[in-house]
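Letters A, B, C, D, E and F mark the chains as written, and numbering starts fresh at 1 in each.
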Amino acid sequence: MKFSNLFHIKPVYAHCDLPCGVYDPVQAQVEAKSIKAILTKYPDLDDHNKQRAVLIKEERAELVKHHLMVLWADYFKPEHLEKYPQLHDMFWKAIKQASECKHHLEVEEADKLLAQINEIAEIFVETRK
Amino acid sequence: MKFSNLFHIKPVYAHCDLPCGVYDPVQAQVEAKSIKAILTKYPDLDDHNKQRAVLIKEERAELVKHHLMVLWADYFKPEHLEKYPQLHDMFWKAIKQASECKHHLEVEEADKLLAQINEIAEIFVETRK
Amino acid sequence: MKFSNLFHIKPVYAHCDLPCGVYDPVQAQVEAKSIKAILTKYPDLDDHNKQRAVLIKEERAELVKHHLMVLWADYFKPEHLEKYPQLHDMFWKAIKQASECKHHLEVEEADKLLAQINEIAEIFVETRK
Amino acid sequence: MKFSNLFHIKPVYAHCDLPCGVYDPVQAQVEAKSIKAILTKYPDLDDHNKQRAVLIKEERAELVKHHLMVLWADYFKPEHLEKYPQLHDMFWKAIKQASECKHHLEVEEADKLLAQINEIAEIFVETRK
Amino acid sequence: MKFSNLFHIKPVYAHCDLPCGVYDPVQAQVEAKSIKAILTKYPDLDDHNKQRAVLIKEERAELVKHHLMVLWADYFKPEHLEKYPQLHDMFWKAIKQASECKHHLEVEEADKLLAQINEIAEIFVETRK
Amino acid sequence: MKFSNLFHIKPVYAHCDLPCGVYDPVQAQVEAKSIKAILTKYPDLDDHNKQRAVLIKEERAELVKHHLMVLWADYFKPEHLEKYPQLHDMFWKAIKQASECKHHLEVEEADKLLAQINEIAEIFVETRK
């Protein structure tokens, strides 16, 4: 199932810590796509914009980490963990992968990150049914 | 056409100022939905959480304003303005409406904001075709 | 001479979203002048400080964009737009020019930005009379 | 073993994502102690400062969440997880407890949070030996 | 009258830590004026906007503290201290007064803060001659 | 007396502006140690991570400046100044040294900063007895 199909099912979201109940993996996805776009453009940038790319990538990866932590610790409940015991590890690895995107310049790092977020998003969608 | 259908067409996004080319009105929408959820829950909250709701709402509305400015000034180009001369005014009013969501506690304010963002999103989607 | 005389004519300002009513284009101007100063010093900096200059310039330009959005959407009212119909476009272009200051290293980009902010400031002052 | 004794053993730290290698649970502890102090003072504050307390508590709890995520995802490595398989759950619950400190006004919530951070700190110290 | 004439005498500024050399006490003044405006409006606000006023005041006072620290530690040099040995104490008290503006709701607190910043600004202007 | 021994004496802290009463020089120390670690690793990093190091160092130094200002202006009271009249100058120089850590790449700059913070911490500990 392609990710872009996931959101046909029903509107899914949630993210502040009132909590407002609005959570959406799309927040992490948008930032991760931004990282991928930055890394894709990187080789053709001039030196000045290469430097800018590095600092923007750093910021975007930090946002991915934040949005994933919010989903993990604010949205998911013990009953979800029972059904999806791999969740802790999935988030841990995805957040670590966001750090890898800080440390590296290869587009593949962003692809891995996107794939990991998409897997989380699929479980998220399952839990919203 | 309902908004939730808009994103079936094709993935749409863009938002950092490299620019990475990834823009997505969904960022403003998620925050606006959060404001609506906060205002919907508000009457039933205890005093302490009512105070928290006010400060979180303030923060979310600020994010809406930021995300809208990014779309308006970073994504949209002169050729879009030519085709959609109402764009400036639409953004101006939507950003002003985000401020109204700060100033008020009625769910209707969030509904208006969401409607305005959705209209912007429809034009956005048109321009991505 | 007392400092309070420095800002002659009459106090002009406004910027938080209570709204407190204190708005002042000087906030955008200070940041834009900082960008100009950074770009002027840039050629003579060592490599390490050149990198620092790029990241500080990025931050300052972001602040210009923010302060301009606040003036545009929080301070200006429909009656101003009626009298100065060019306002939307002036802000749009000035905010886009702040992005140009992120993308480029030429002092001329900061000069253009400053000129655009000054034009906005003149209208602002007119409206405060 | 009392927590205040933990740091006699050897200096422990680390927290940016270069990574610089400097991590220290004391960052989360300072913020959690601040939450406890705020909640302890809360009943005797006037209404204005009660409101301020709520917003400062919100901010401090967010910092706890951030510092814990950094420790969890940046410092801890697979070999630590193997030795301390309970780590994922400990962090998840501590971060959730930081949210509880946002939602509530009882000092006990801060005590629970501090106890959870201290348990994490003990494992952290073990891994630095 | 052109806006660029408003700031007479000579351009005064400086504030980033490249350093760019652009410093201006007006940054602290704008925020302090905002605090005064907030406190002046406070008694007539409804409960919801009173709560908002408190959080915005908190944020503005924090900005005052930040801008003052920048002036004190980045702009002023040992030769200034020699000529104005009272500078350390003036800044210390002004920053403490910004905290008082957080703790209190009386307009007088903002007046004191403004007076202290203006005294600093006078010395600043002296040193720019 | 070595710094690492200072904290055996008794738990020391304080830092928000409720004020909560929890202040701790360890916050500035952790960031300064991070700067030292970054500068120590710097020569062996690849170009991409050298750029990242510069921006992270910038951020860490800013945090040092912030934490020192908080200690100086929020924690220390007139009676402390009377007993330790050198305090103003110690803080001023330490904050200036944090800026030096932004401007330079030599580990010695971080060492100087750490030494200055440690001297402040010793006085801080004295005042908590």
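Note that in this section a contact is a pair of C-beta atoms (placed from the backbone, for glycine too) under 8 Å apart; a residue touches a chain by one contact, two chains touch by 3 or more.
Computed from a predicted structure; not experimentally measured.
> Report the chain pair from C-F, B-C or A-F that duplicates the E-F interface, where duplication means over half of the contact pairs agree by residue number.
B-C
> More contacting C-beta pairs: D-F or B-D?
Counting C-beta pairs in contact for B-D and D-F gives the edge to D-F.
> Measuring from the mean C-alpha position of subunit A to the mean C-alpha position of subunit C, what distance in angstrom results?
34
> Rounded to a whole Å, what is the gap between the Cα centroids of subunit A and subunit D?
Roughly 24 Å, centre to centre.
> Approximately how many whole Å separate the CA-defined centres of subunit A and subunit B?
Computed value for the inter-centroid distance: 21 Å.
> Which subunit F residues sit where two or more other chains touch them?
Where subunit F meets two or more other chains at a single residue, that happens at 17, 49, 51-52, 55-56, 102.
> Where on subunit C is subunit E touching in the complex?
Residues 2-4, 6-9, 11-18, 20-22, 24-27, 30, 33-34, 37-38, 41, 49, 52-53, 56, 59-60, 118, 121-122, 124-125 of subunit C touch subunit E in their complex.
> Please output the residues of subunit E touching subunit B within their complex, sorted ascending.
Listed in rising order, the residues are 48-49, 51-52, 55-56.
> Sort out for me which residues of subunit D touch subunit A in the complex.
17, 19, 62, 65-66, 69, 72-74, 88-89, 92, 95-96, 99, 102
> What residues on subunit D touch subunit B, complex-wise?
51, 54-55, 58, 102-105
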